[in-house]
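I'd like to ask you about the structure that follows.
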């Protein structure tokens, strides 16, 4: 027997001022199923809640409608209240007669009937509510950090410091990421390596942190608190335990290729460490070029290794482990500037990107820190910097601002002056964005050091007589400018990793039109994703500089820590549910599920005299977030959303149209 | 049609954006015609176009479907599906002869109380001018 | 299958040699084409800047004629190409305009085929395949490929190639055995549209283009636009004069066709002497 | 002319829970308008409406010899569930009487054997009370009744108190599975019946219950020597009109609603085994 | 034609003899000598019954649902799309099927043979003509004038290649051009006029569900429209419910309709159901850039989206 | 005989519609259907549906209720007779079918008040079938192009005119009410002759004699399996059949008021017999197809004394897979041999 109690709130004069509350109560009493109606001055107050509890008991209410404010305000309050009176909290429905009625209509003659309709809707819905029970799921208190750049390192350190185990998965042979490639950092001009490498070592030596380099996440299943992750640890061909990092193998290796770490400006061997401070400080054999693997010959490294660490027979290891939370810190990469045909990158060796310049400036770089132009090794006298290459350009690149380029270009100009005092620097820019602590001052400094900032775009670069002719426009002067440069540096945009969408799919999170991972809310949940238990750190979420990256990494770590502080999670019971007798098993629902929460299930049942098996959809309630997209995709009507069932919504429609 | 006839608009709104937008209109005391009655669903992806037909059948003069702006879905992609569904469903309803003004779909964010107000005002005006809906409607 | 061939006004007038060489090449390669019957002006001259509906209707008429033949429309002229592409694009994206044009033309344009440049057609045929047909290698001829504006801009719809760093013409030219020089002014505007109204400016533009080609070691210029060809041919005032060929003329030579049949005798800057010097003609 | 498919409105006088699980309730109803009232015979049915939900055919469980009309309803589908939601004072729709009913006049002076399982006692109860109220017209009455559990037994007052008090009236009750409160027999009705082994002499056996029970009871009866003419059962099928028009409840050419629901076993044997 | 039939018989028989199938659905001679009807064969010895189907050939894909597997089927291209539909809807598994595809010159719609020609005794295809034999003698009709509507929009009459056996005699009907002019016509009407038209059409509908039951895209185990709770569709055959029914039916096959037109052929009261289905098909093609929305795809059009789908709402 | 020029037919019907509810064939889109007169009539085609809907509407309201079981109820909208029904241009098979429906709805203990009140003052005007279709086989049931059973007026049609022959008092009343439109004189002898001679191509193939008795022993015959294998389970055949009459009753609640309806139902639907607990006594198409034909050719004979089929051929036209009365009769005959 359905016995609905309706509690009409005055909300002081907030509701009663413009809605005839007495009339609403009177009409509510006539709605079939309603057995008790009362009015309260403030239903959310202690006495108000008491009266609900009392009425539930006295009138044997099994459903409650509170006609008051927005459910976004007090639904939880009244659910808890009902629960304290022994009623399942999901048998409570709110009728929003304040935000949607009393506050927006001043004429009582229209607001009162509308309030009645709203109550009628709520009653129609609540009559079709069924008790729901959140279930609890245990939390595996281990975190996975994907990406071993500064973001991943920071997040791992913070989580581990809180006492939880962390695994960092990095696909390169070393952690360190982009920051390791940088020479100095703005605006303080700290040496990048000097501040990064100690952290790398900290991470590597932390008892709570396990670092898997040369490894990739292949698959993530499960849900918050219970992710199951498959990691492929690629064969290094070097036994890390035996290797003493003496480096003799590298020395003797006969094969080399362009060094990725040096942006192709130098070479590395087939057995190599990306850079001397790599962590782990063990070489890796690049099987693509190693002659042992390509031609079955050589094997010099094995012969020269004093500790017998080189192991050609090593195989990829596949680890499957459980984690309670995941921090994605997969970073970003550099825009492919080749699409700017007018700049001639790729055709003219002296047109380089900012990151390439970093390597030319860096003392660990191919030129030992001397800025020499790639074509002929000459010291450049005139350097042109071009900003916004690939960013803020809808035609060829991306519309967004890449954020760090203004500052690193200023840094480059300063460093250029420091290294080659006689050099002159031109910066072609659209705007200078120097929002950040000490940033504007830093930019000023580069100007004061003589960098010429030209507001305008470059239309063409072409070589002529050993120089690069940079043609552009100074839009402030309205003139064509032509600079004869020795070196051109393109401030290439930060863009998502090419495989970011693939990673997003593995993580079950969304990404924006460019491929940056989407946060759950741009303001209020900037490090969470819409998949519970997956957090974001660093440039995988959008372009940012080092301080921002580190801050976000620590924030993500804090989220992980607060998740791990609970021993169990309770799940939202408003989840999708399948009526297996109706389900045809087309699994179209699983297509539209943003959370990969719908799986295929084989059931066995009697059909006439036979036993048959068939496929049905099955909802993983740990993963389901209750959006309901699947219910509309389901033609059979087999998929329903608890708390928002088809029956309920149709009843609401009907109640509103009476 | 009497002068004080007020259209009846059934509004389906997602919980996170459009319902909240309507709440904001309320907290900001933005008055609008008392024509709309809202059904709260978690996401615009939960709104079955068949619900819309049902509303017209039962006597709604207009139906509003509202959700987060594409790209801002709380569930990341629900409104993208809603957009596809309603792109074709709305055209189809028109094809069956339903006046397009009677079914409106809007993206209203939680911060767009004013937009909610305007949408309701405009929709009410348009439907008011057209009079009660008789198409697909059952007579009791 | 094949193409509807749209010569356009220029090719029936000042650029007769482009028409001759185009047809010669197509015939030689065995590419099927039929001249669009009853074709009319594409409006490139002035109509397109006077009245938008007219600017679309004129090329649309030709496009519709071709569509009725169930053939894609192809033109050697870069200006016609630009107009045809522009109209095709406008009609497909603007139903209101399409309706207007429909009332002008009386028949509907569905836009089933993209209009093509003869370079597209040669490219579809395949540079390798073209190369295989070459009988006379244009060895040691250093060519500056000049694209001009109309084949590449505006990139929303013209886009025969990367507008900033094109290379398709080079690939075609290199199939003949000639070498294409890397030079910066390939996509510079030659100013042809101002040829009569601001001759001084045009002369300086044309001269600087030709000079740049010379500085990069080119012996001749190749183009696919009757405007560019005429302009560069007529208006260059540099120390070294370069002959300006149509792509199809060079290809024709490489196919071993008679220079006369290709119209090589009608150029302003002597187009034969260089070839003679190189023992190519 | 009386409208065929329009129910009369009736007030629920009282609702009684029959079983521990609350899945069977007995409703006593009273027509609001005297002109809707109808006379009936044991074994006849009526269409019970929960207006707004629908109708279903329910056998009348009261005896015409007593004044109030009663229906015992097991909750099984939409309408019966809705019915179970109703309370005393609420309104239902009733139209009838439908069906042939039991041939109580032909049973005169015979020994009567009623065999029921679960809610199957409901239609028999009408006949039992009718015969008991006309006790002198009938021979000895033996009632064999079973249910899944003690809590599932219906009409407990009558089976344990009322009926055994009548002369020559025997009530034997079994449950499939007993509990701590139960000290009576345990086992399924058909085997219970075979144990009791009533004599077929001058007897009529009337049975109603779940299909599977009926199937084995009929077997048992025939083993006990009951002829097909002596065995009577009632059938149930989906019905919409109750008056042989909607074309639904036929078995062969017989409509359960008008030709039944009471059939002798010999009548049933003449019908197809399937539907 | 006969050759094809002989080949087909042989192929069916050998499917049984090789143990590839337990059952086979094909066409056989119907009650009227010139029409065909579906037959479900259970043994190779029945293969003699197999007919190609010159006229009124029903589509067979949906029979696969209830047939003992592995099941064989003879398909022409329209039916092949239906089979593909069922496979993508996971209602049958490809590995449980044995598909013989045949080429098809089109199927005659006997309803299009003018009424004057009563007493048809036989039909015969001769080149580009249909020869109708009646009691009064033979008459020749242009082939294209008597084809089923679905054949006029045929994807291709060639035998489809996703089959275990492909029998193509090269006489398949060439692909028909895409023509949405009848949709345009409706769209050009005023809303009230459109509504009045559909009102009149739907008033004829007797809700017999022939359309649904014939449709290869309507393969739910239990149609939601039959559910008592929630009641999406009332059993009352009144206009508002007719709109509900026809909207829902068409919407449920939107993006999934294979364009076979069997619904329309099955409709006993002649509702122009394809005008509904094809509206969706057309909109899907134009709005979502889908090329020929009739072809079943791994991911349904409505089961996916593009971030830059057209924005008609704001 | 009284006759009317075909040109004047519409004026007659328009006039008739002031005192009758006229149910006649008219062109509806691509088909000709029976329906309530709306200004047009088609006198040529045999409509796809039958005229049973005039007396047993596909959906009719039984009552409207207000209130709830909890708060009290009132029922309104009981059926009151409206204008009498005029069926115009029934075919002999249609008219005969009405007499079969009459037996179901009017005879026995429970007569259907609604059917009766619609039927009571109705007039059935039947036109002789000059050109039966390839699908017609009424002769198998003793009906023919000039059969008059069930008709109140019989109409002979020649090229220009319609000749009215009243057969019953009601028919005479109808004719009398329209004398203004009718001219006296002439007997359409040649038409009568033509009707007598009209040939039904199917006649030779269909045989029903003894069918009912034969079916008595065929309930478990494998032929049902074979026949039903191709059934798609729709209700087209039953809904278009002039003698099928199954219906269901259901409620449409709308808050505190609502309606109870009755609507045609079809024994071919899978949920026709589905019981509340989920049990289905006719679980597969075999049982349902068997029910359909057994009802028509066996149970009907036993209960109503005649085959519930008039050979109108509508199911032949309706069925997309060729499972119809004619093929069934043919197959059953073969099987029963």
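Read from first to last, the chains carry the letters A, B, C, D, E and F; within each, the first residue is number 1.
The rule we apply is simple: a contact is a pair of C-beta atoms (placed from the backbone, for glycine too) under 8 Å apart; a residue touches a chain by one contact, two chains touch by 3 or more.
Computed from a predicted structure; not experimentally measured.
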{"item": "Contacts common to subunit C and subunit E (chain labels)", "value": "A"}
{"item": "Of A-E and D-F, pair with higher C-beta contact tally", "value": "D-F"}
{"item": "Chain whose Cα centroid lies at the greatest distance from that of subunit F", "value": "C"}
{"item": "Subunit A-subunit B separation of Cα centroids, rounded to whole Å", "value": "32"}
{"item": "Rounded Å distance, subunit A centre to subunit D centre (Cα mean)", "value": "67"}
{"item": "Subunit B-subunit E separation of Cα centroids, rounded to whole Å", "value": "37"}
{"item": "Chain centre separation (subunit A, subunit C; CA means) in Å", "value": "49"}
{"item": "For subunit B, residues that touch 2 or more chains besides their own", "value": "49, 54, 58, 71, 77, 81, 85"}
{"item": "Where subunit D touches two or more other chains, by residue", "value": "78, 87"}
{"item": "Multi-chain contact sites of subunit A, meaning residues that touch two or more partners", "value": "513, 592, 633, 646, 650, 654, 658"}
{"item": "Subunit C to subunit A touching residues, read off their complex", "value": "155, 162-166, 182-184, 215"}
{"item": "Residue numbers on subunit F that touch subunit E, as the complex places them", "value": "28-31, 33, 35, 48-49, 58-59, 131, 133-134, 201, 229-230, 232-236, 238-240, 248, 250, 252, 259, 261, 263-266, 269-271, 316-324, 326-327, 330"}
{"item": "Contact set on subunit A toward subunit F in their complex", "value": "30, 32-33, 120, 608, 654-655, 658"}
{"item": "Residues of subunit D touching subunit F in the complex", "value": "1-7, 9, 50-56, 76-80, 86-87, 90-93, 237-238, 240-241, 243-248, 250, 252-253, 258, 272, 274-275"}
{"item": "Complex contacts: residues of subunit E adjacent to subunit A", "value": "89-91, 219-224, 227, 229-232, 252, 299-300, 302-304, 307-308"}
